[in-house]
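To keep things simple, chains are lettered A, B, C, D and E as they appear, and every chain counts its residues starting from 1.
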Amino acid sequence: MSLSVRLTHRFPGFVLDTAFEAPDGVTALFGKSGSGKTTVVNAVAGLLNPDAGAVTVNGRTLLDTENRLNVPTPKRRVGYVFQDARLFPHMNVARNLGYGRWWGGPPDQAEMTRVTQMLGIDHLLHRAPLTLSGGETQRVAIGRALLARPDVLLLDEPLAALDATRKAEILPYLERLRSDAKLPILYVSHAVAEVARLATTVIVLEDGKVVRTGAATDVLSDPATVSKLGVREAGAVLQARVLHHHDDGLSELQTSAGRLFLPRVQVEIGTTLRVRIPAQDVILSRARPKGLSALNILPGTVTSLRQGDGPGVLVQLASGTDQVLARVTRRSAQALDLVEGAACFAVVKTVSVARADIGSDHAADQRGDV
Amino acid sequence: MSLSVRLTHRFPGFVLDTAFEAPDGVTALFGKSGSGKTTVVNAVAGLLNPDAGAVTVNGRTLLDTENRLNVPTPKRRVGYVFQDARLFPHMNVARNLGYGRWWGGPPDQAEMTRVTQMLGIDHLLHRAPLTLSGGETQRVAIGRALLARPDVLLLDEPLAALDATRKAEILPYLERLRSDAKLPILYVSHAVAEVARLATTVIVLEDGKVVRTGAATDVLSDPATVSKLGVREAGAVLQARVLHHHDDGLSELQTSAGRLFLPRVQVEIGTTLRVRIPAQDVILSRARPKGLSALNILPGTVTSLRQGDGPGVLVQLASGTDQVLARVTRRSAQALDLVEGAACFAVVKTVSVARADIGSDHAADQRGDV
Amino acid sequence: RVTVFAASSLTSVLTEIAEDFEARTGHDVTLSVAGSATLARQILSGAPADIFLSANPDWMDAVSAEIVPGTRNDLLGNQLVLIAPARAEPVTLTAAALGDRLRNGPLAMALVDAVPAGTYGKAALRHLGLWEPLAAQVAQTDNVRAALALVALGEAPLGIVYATDALVEPRVRVLATFDPASHPPIRYPVAALTDRSVSRAFLAHLAAARAVFKQHGFEVLP
Amino acid sequence: MTPLEWEVVSLSLKVSLWATALSLPFGILVALMLARGQFPGKQLLNGIVHLPLILPPVVTGYLLLLTFGRRTPVGAWLEETFGLVLAFRWTGAALAAAIMAFPLMVRAIRLAIEAVDPRIEDAAATLGASRLMVFATITLPLTLPGIIAGAILGFAKAMGEFGATITFVSNIPGETQTLPSAIYTALQVPGGEASVLRLVILSIILAMGALLVSEWLARRVGRRMRGS
Amino acid sequence: MTPLEWEVVSLSLKVSLWATALSLPFGILVALMLARGQFPGKQLLNGIVHLPLILPPVVTGYLLLLTFGRRTPVGAWLEETFGLVLAFRWTGAALAAAIMAFPLMVRAIRLAIEAVDPRIEDAAATLGASRLMVFATITLPLTLPGIIAGAILGFAKAMGEFGATITFVSNIPGETQTLPSAIYTALQVPGGEASVLRLVILSIILAMGALLVSEWLARRVGRRMRGS
């Protein structure tokens, strides 16, 4: 078990009562504002002493209130990116970045350069934190946590203040950290795309309670979770193996349901990836459509239809051994006569499979598939 | 002119040199982290004294360095939601919310209730700011600015810390403010969906300079802007007039290009709306496709093709008097033989036109179309 | 009610006399004690004092413009003594013997250029040819009581104070009394500052309280 | 407590409380000017405020006597205009204590004002608060811990002030004889150690009480900020 | 300056500087304990620290004499063990000045420590810094303005200290005669005003210089934080 958390804590007017076990990799903490995400992360970092509970990271017990065990924060070796960046105001950016180094081994100049360039903060090294912009501050905070070479990363909405371009630069780095350094990561985010790309496990919190927990592939393609995530965020995650990189910038992948064409992914042929297909980006057709710009057409069978509050219907297809989710209107569902067991085709635009939704599959890495 | 800004200011290593004029309504400030957005907003609020420049809001000159005019901040009547919330730590939430009231007229209990309920902070009124979660803090900051009944709203990434559901509750409120209260709004955001929904005018900043400025409809459907926005964010904005509300939860709208079916919009029949269609959600077809779950099929003619860095091509269609953007792969573009002047059909899923991308058209309101 | 400004070295004796005066006449006596310099300056600034008792004629001279003509007279005299902690051996008044004694600590005196007991002491030592050899070992205190305390605590092996002070401190013994001729005469002048009957009554009472002053070791001047 | 001791104690309390209460507004004002102001002579003001700390108390007392004595123009003017006599009155003792305590008070408050985040004040300004309003509703409340610290320092100093007080207003029982003066007087009496001890213990008890109250107040203020 | 004045001035500076320098570490420690510690007797410690402020200086000096005099166990032990004699030495004057300045120092530093945002310290702890490291690298530097303020208050107080010093170590020219003692001496002589004035002006110049240096230091520290 990479991460095991059991916590009860009471604030006036709010009760946290959670327990979850997460395997190696990225565990996403998901939930509305005020649902208790930061509270959980603080307890893992040792900044909050919960009324009762136990926390184990990679087999190391950090907290066990029953046995009166409570490893102090500095000994927990967490790399925490706070929701409010909390830079040290009296140190310049370089000294902020170097602060955690002393117990992470000797300073590694190459790593420093790599991280600051990736975060686009290499020109800010001599600046005082108070003069940084919001996004710059958050990026320095990320760098500071990464450079401390922690045993576990706690990321509390690390990318909220950043633009899409910058996010797209930071996410692959986190992904590599997860895979190369085998660093367990607890990741708080509102953005399903980020979560889907990174997370092995998803925990959904509501009012301090865990309402759903499981493998990212399952949770994110479960229509029952959709209401927790918001309509736009539903989508299925498929496992796909890279077959070929084409000259025109596309990569061809094999899923259990059929071939997929994606924008070039920078991984070796044979790698297994996790590809997220948002339900709203899928068009259904009873006949195999022709002459469309969309390259990906996956055959499948309707396994369930779920009517939401609005005009939409969430259709779950069995496609090979995987599942595909599609959101269509009630009107379309009727026009196409979609019922359980009906055979149909899912049309997915190549480019609508966003790069951010492709992640290397961590479980597969572990099985030695790579 | 609702908002006219001309600023030059020099920080060590950063030069702001911007000038823009924005008509009534929401002006979106767009740009990467560190591009100078907050600096501009601070200058409008009077918190930064620029080296030189002038700021006029609704015909009232707030700053004119040449004429040594500089209205002090409290007299500027701005409602500023800061990137870092800046709640008053010694006042509870209720007192924070009430702080701006004294020059906004007598306290309006109904408005207070409306705003706190909309923001979901009515149960927090007696809490100390330090005990709030990140998102709660940001919501209180929004409420504080709104309740001050300002002459102009300055919103610096107000929704960054919030989940999709909560955003979907706050955006319509801001929209109504813009339309009902005719409040000019300067809105900083990284999220194009938010911007497209609200903004009349878009200003794109890069390294302290304005690189693009214009009506939201134009800027967001201009392929040249795409690189500034990030690939996923490109999309066209159409004007559409509500024709009918159907029983199955759909609304039918008339655009210059044809009919559109959207999830029910809560406006009166006859209202003109702004509908954003993200380029990546559009599928192209040379023949009119049949048997698809997608309800919206707009005919058009290719006016330009623009090859990006990756495998994608951005196709601009003239469709009626409007424009539609589509991102397709090079492979598809070749397969479909898409060239300038080619006639084709744009397929848009009903539900892919997100609710957040529908906004009431402010310019139309002003023309008295409603 | 009569307000008496008195040098602080007179505190205890005046308290006793004032109580007696109150008992006899029914007038309240307000006794404000501080250093003579402080009191004199206050009188010059218009302090509401009726009587001034100075520990030194100079400060009485300084306020001469304020006093009621004809009321000034030298009320008391005192003697200067060399003291040591109670168990100390006698010592001869030679530079060598004193210097020997002072190897373990200083000679405690009041400020030799400012406080009367100090200036008298300095004059006496100089007269005896002892000032030059001993000057470096003199620890000066801001009032004579502090010098007495230093000797009483054993911190200073020797001290020069008034005979009146030594009398009431059991932890010290008098080793020698300085010849009155060796220093300017020690005088406590008194004067009325207001021409009220109660002021005069108090002056008269002071003059009549010879026994009390004597009991406290003062010399009462005719 | 004997009636005499009681008189001394109540006078000391009266003097110290008035000294603290009256100098606090000025202390806040001067601290604000020093923390935030930009004006010529700022360093001069800073120096003047520190003077009572630097000079031996006797000198301060003497300067007060030279300034506010009954025969000085200022003293005469105060008496004529407000009927306020300072010299040799408890009011003068309060003035002396206030002036001696002033630098301590100003430093503590100034330090607290400098610790207030100007961004919070900016936020208040955008909400329409004038500079005065910002000060009253934001800066001042956030400075409260410093003001409490300043007040208690001032009060303690006022309770212990001796040199300036005795020089300025003498040592008149019932009018200007505060606890320190009484202790001084007792020290002049052979064998007065016992009464000195009693008075010292009284001083300590009073000051400890004030200290506890101030700590309790400061904790309350702090707790309110960190959430009920 | 006459040679005598020069002697007095340099001695005063020596005493005040040592007093400030030696008490600063203790001041920081005690301020930290009072600001952050939770231990029985905390209020007692708080009270003891304030004592020199509350008591008349003479009493403090007398208590010092009773504690550190050569005939006392503590004094004897210090002399035997470290060869350190306090009574009638400038070292004793420094001790007296340090003790009188201590409450001022502690208050200023404590106030600054209490203003440090504990969330920043938490961040340092997550980065592996032990409590001591957090204190040395985060709390202490952020407290620097308060430490500077405490040091200058302490120095100013040490420059002006008279009552406790003269009671404890007397006035020995060249050894313990500080500026305030010299000023007091001059004040006791009729007509001594002229030399008082000279000495007072010397005091003021020295203290003003120290004040300016401290203000400059504090500004530098502040500027560094707000960005070069």
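The rule is simple: a residue touches a chain if its C-beta (ideal position, glycine included) is under 8 Å from a C-beta of that chain, and two chains touch if they have at least 3 such contacts.
None of the values given here were measured: they were computed from a predicted structure.
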item	value
Length of the shortest touching-chain route, chain B through to chain C	2
Topological distance between chain B and chain D, in contact steps	1
Centroid-based (C-alpha) most distant chain relative to chain A	C
Chain pair, most C-beta pairs within the contact cut-off	A-B
Chain at maximum distance from chain B, centres defined as averaged CA atoms	C
Computed distance of Cα centres, chain B from chain A, in Å	26
Averaged-CA centre spacing for the pair chain E and chain B, given as whole angstrom	60
For chain A paired with chain C, centre-to-centre distance based on mean C-alpha positions, whole Å	90
Geometric centre distance via CA averages, chain E-chain D, whole Å	20
Chain E: positions in contact with at least two other chains	62, 163, 184, 187, 228
Residues of chain B whose C-beta touches two or more other chains	84, 127, 131
Residue numbers of chain C (touch at least two other chains)	none
Which chain pairs touch, all of them	A-B, A-E, B-D, C-D, C-E, D-E
Touch list for chain D against partner chain C, complex	58, 62, 65-66, 69-72, 87-88, 166-167, 170-177, 184-185, 187-192
In the complex with chain D, residue positions of chain C that touch it	3, 5, 8-9, 11-12, 15, 30-34, 38-39, 41-42, 45-48, 143, 145, 165, 168-169
Interfacial residue positions of chain E with respect to chain A in the complex	119-120, 122-131, 133-134, 137-138, 141-142, 144, 224-228
Touching residues on chain C, where the partner in the complex is chain E	35, 37, 40, 58-59, 61-62, 104-106, 108, 111, 113-115, 138-142, 146, 149-150, 153-155
In the complex, chain B residues that touch chain D	45-47, 72-74, 76-80, 82, 84, 86-90, 99-100, 102-104, 126-128, 130-131, 144-145, 148, 154
